[in-house]
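As written, the chain order gives the labels A, B, C and D, with residue 1 at the start of each chain.
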Amino acid sequence: MLEFLSGLNDKPFEAVAIILFGIGFTTLFLHPNLIKKIMGLNIMDTAVYLFLAAKGFIYGRKAPIVVDGVTSMEAYINPIPSGLVLTGIVVSVSVTAVMLALTVRLYRRYHTLDIDEILKIIRKEGN
Amino acid sequence: MSKIRRDYENSLWRKLVRFVYGENDSFHEKAGYDIEHPETEKRKEETFFEEVDYTKKKKESDKFFAKYSAIAEKRGEKVYNHFYKFLAAITCFSIIMILLVTVAKLPSFGNPDNPVNNEVSERYIEQGLEETGAVNIVAGMILDYRAFDTLGESHVLFIACVCVMILLRLDKETNDPEKLKALENDRDFEPKNEAILQHAAKILVPVIILFGIYIVLNGHISPGGGFAGGAIIGSGLILYLNAFGFKKTEMFFTTKTFSVVSVSSLLFYSLSKTYSFFTGANDLHSIIGPGTPGAILSAGLILPLNIAVGAVVACTMYGFYALFRKGGI
Amino acid sequence: MEILYAILLVFLIVCATFACLHKNFLTSVIIFMSYSVVMAIVWMLLESPDLAITEAAVGAGVTSILFFVTLKKIHAMDQEKNCDEETDTSEI
Amino acid sequence: MDFIKNFPFFSIIICLVSGVLTSVLKKKAARYLTYTALFVLFVLSSLVLFYTIQTGDYYVYRMGHYFAPWGNEIRIGVLEGIFAVFFCIVMLLSIVAGEKHIDEDVESTKINLYYTLICLMMSSLLALTYTNDLFTAYVFIEINTITAACLVSVSGTGRSLYASTKYMIMSLLGSGLVLIGITLLYDVTGHLLLSNIHDSVETIMATGEYAAPMTIIIALITIGLSIKSALFPFHSWLPDAHTASTISSSAILSGLVLKGYIIVLIKFFYRSIGWENVLKTGINDVIFVFGIMAMIVASLFAIVQKDIKRMVAYSSVAQIGYIFMGLGIGNEIGVIAAIFQIFAHGVTKSMIFISIRGFKDVSEHSTRFDGIKGAALRNKVSGVAFAAGAFSMVGIPFLPGFVSKLNFAAAAGDFGGTKMIIILVALAFSTILNCIYFFNALITLYTPVVMSEEEKAKRSVKSGALYIVTVVCFILVNVFVGTFSAQILDLIESGLKMFS
């Protein structure tokens, strides 16, 4: 059954990134608790950025900082994924901050962190 | 016998199975912050009929009937819960398997002739130095080649801070009783001024902020840049706030400084980028030259932009913490 | 060198699963913090230092501080609600 | 390079700068700055539209000194021009109509922050229509998500906080899938620019080397964007979000936010994958099926609702189903009909949400059917507006809804085969369902209710003159889109030709 996964054995970082994406996605999707959902969201985002950073890596090449004037392409890895992931990390922080602010407001209003519980209270009280 | 049973009960595999099949007691936070689930307790000490007069018995049977219908409805909901959780677990598992299969077919890890290493990355590396003057090619790419993304990026951070302000800021003149109550008890959450934290902060805070400034200033030479340096300065300020309390921090960092610093650096960022985009699009000569690579004051606009982004990120990170903690910056 | 990759990656997966499965919030936030730090180290190994510094400062630093302050805020609201209703809640 | 080419870039920067400025201004100053900014935007976008119609071809605006694959680039054609003008009109009218009501719903000290959200929402919508780079689209999708979630939760009631959290979680699931789609696409093609991706996709489709991952990538990005634009199976966040938010937020959310993601999807299909390759992978049939299901099931849900706002929200889900069904048909006319439906639904649905707030004023803040009985007699203007919106949705001639239904039938006719039968049956059935719930709402609104004196006093609050003027403008815009639909369709057709 595992021969179609054989392509993964020389790709350790991508395989782990996809597994982490699965863990984060499942937690965000399944877990009723809000804080665990946000944690799942963070894990999902960092997993995608790990995948993107692993795509830029080239064996035997150094970080894209020009060292003593060498500017040939063979000396450095691909800088584009680093640029994209830098942008992505800040997006994850801002989304986490907004979600946590919503959680605090929800807890102040409903005194529970469980999103199904909140739905029941809303249905009962009507607001 | 029971010891084996108990080990089996809380072994990892049993927990995973129960997590997948959705009995939620292994995850349902008994110890955490949820209220205890009333109906599980209620059902245990449920008493049946005693000899009572007719009206009381009528009321009793109504309550009894209501409870049973509640349980029936609760069971319906439990079945739905199980079904929904099982279906959701299946969809997540299938998504992960599909992704694993696609990743297996993708170009291999780390070999030089991937489709990713094409003429786009070649130009960034080959002419990156003399076109942008930034030794750190990634910083050159972010703040000069693809600057529109990073412009959007710092506005993502700004809009997140505005959202947290809308949600958590407690203004004096709100008439909402819940907010006013929250306003008082936030005030008494002043940090506890322990001596240990204050002494540690006295040594650590200057070092952290100095290191953050170093990262911001050398953004185009060594790795780092506006985002990393700003976050370091922001956490230095948070440490200072925790150690010395709101009164001392408000001496040098109030709402006015926050809005002045973040708005002015965002405006500087937008206007300088408008200038460079406008001159670029209309093929006018822009007066910003790449400067001598390696020197601090080189790489054209990248240094001031790094300082602006560092200021925005530092203010926003500190703003997040202060808004959460005190409901105001 | 391969062994180091393997150890870190297995550590990442273990941290991620336990951060999501653990009942207590404070422990799962601490496990999440270690997840971010190890992610920063992995990015160092993948030759992208910019990401390592940013992930360490922003991911491990500020995100975890925000989680902690949310827990503190929730615990504070819990205390204040309790002194109205005198029901006990377990320590964090 | 004549000066008018800079206008799209200027409009994005104006939004960003005015967004930053309003966060520190006072309430009244922030409000008038937003109005002037949006009016200037409207003028700039219409000038750009006329310019692109005259030149008859798209042009590429290079952001900075470096050409496209290296630097950023925005691309402006007739279609982007129409979208920009449409966004400006609906945004401006929604906010001006909601001015008095925003003061009631939002805390007085935070109203300038509300206008910050509006400006940055506008900049993300414009950037999403103009951008030619996939990662810039992702960054502005994130800005759009955060602003939309905060627009829902700005009123601060428990229900709006819950709706905003649910919306945020579903939306972030969607953008997680979009992000992994973009990463895989970048990894396989090596480019982030939509037009360059097209050439690599052609070679991939030809050699078939990465053909399987290619379909998965298209599927991921399509599912991600359809989650964000509330296509049928993923629509559960939309009714809560639209019912709980304030007047202008619900108008903007249903009229504009959902459309931004559909525009990115169309751009992704047309420009980077190429319409024939999309047909080859068969993704459009999946969208077609979801669209048909949305039209039928969402309309059934709308009938059983007891709250008029939830009913209109479910009808939004049905109309989004129309758009995706149009995309799914597969021929050129289907896409044109879908794009026209984007305008028709945007203009009509925002007007309906604005008019519902008018009913809420005159019936003690209740939007349930028993509460608003006879409200249209008390608040004449919103009664007329709701009637116009309902007629347009149902498909009365001279109104946009009718023209889009006509186009869908024409597209079905042109395509022929079993799809044509399915479409025509679904169109007829969902129009009947539309009639049922919209006319039911109209009847309850127009039934006179005998009220005692003090009830009459309580329920006769007068909505401001500005509200009446803007609602009349909304009706005029609707009639304009309905009557001049032939010219608009030609513009869309010419725009679509230069779109790929």
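Methods note: a contact is a pair of C-beta atoms (placed from the backbone, for glycine too) under 8 Å apart; a residue touches a chain by one contact, two chains touch by 3 or more.
If you're wondering where the values come from, they're calculated on a predicted model, not measured in any experiment.
Going by the contact rule set out at the top, which chains touch both chain A and chain B?
A chain counts here if it touches both chain A and chain B, which gives C, D.
Once you count every C-beta pair in contact for both, which comes out on top, B-D or B-C?
By number of C-beta pairs in contact, B-D is the larger.
For chain A versus chain D, what separation do you get between their C-alpha means, in angstrom?
Roughly 28 Å, centre to centre.
Can you check how far apart chain C and chain D are, centre to centre, with Cα atoms defining each centre and the answer in Å?
Distance between chain centres: 38 Å.
How many angstrom between the C-alpha centroids of chain C and chain B?
Centres of chain B and chain C (C-alpha means) sit 11 Å apart.
Where in chain A do residues touch two or more of the other chains?
Residues 12-13, 19, 21, 24-26, 29, 31, 54-57, 61, 63-65, 80-82, 86-87, 89-91, 93-95, 97-98, 100, 102-105, 107-109, 111, 113.
Would you please write down the residue numbers of chain B that are in contact with two or more other chains?
In chain B, 27, 29, 32-33, 99, 105-106, 114, 116-117, 120, 124, 136, 138, 146, 149, 153, 156, 159-160, 163, 167, 223, 225, 227, 320, 324 touch at least two other chains.
Give the residues of chain D touching no fewer than two other chains, as numbers and ranges.
Only 135, 139, 142, 146, 149-150, 153, 156, 180, 186-187 qualify.
Think of each chain as a node with edges to the chains it touches; is that a line, ring, star, complete or other?
other
Which pairs of chains touch one another in this structure?
Applying the touch criterion to every chain pair yields A-B, A-C, A-D, B-C, B-D.
Within the complex, which stretch of chain C touches chain A?
5-6, 9, 12-13, 16-17, 19-20, 25, 28-29, 32, 35-36, 39, 42-43, 46-51, 54-55, 58-59, 62-63, 66-67, 70-71, 73-74, 77-78, 81
Can you list the residues on chain A that touch chain B in the complex?
Against chain B, the touching part of chain A is residues 4-8, 10-15, 18-19, 21-22, 25-26, 29-33, 54-59, 61, 63-66, 71-76, 78-83, 86-87, 89-91, 93-95, 97-98, 100-102, 104-105, 107-109, 111-114, 117.
Would you pull the chain A residues touching chain D in the complex into a rising list?
21, 24-25, 28-29, 34, 37, 41, 44-45, 48, 51-52, 55, 80-81, 84, 87-88, 91, 94-95, 98-99, 102-103, 105-106, 109-110, 115, 118-119, 122, 125, 127
In the complex formed with chain A, which residues of chain D make contact?
Residue positions touching the partner: 135, 139, 142, 145-146, 149-150, 153, 156-159, 161-162, 164-166, 168-169, 172-173, 176, 179-180, 183, 186-187, 192.
What part of chain B is in contact with chain D in the complex they form?
98-99, 102, 105-107, 114-120, 123-124, 131, 144-149, 151-153, 155-156, 158-160, 162-163, 165-167, 169, 171, 173-174, 176, 259, 263, 266-267, 270-271, 274, 276-283, 286
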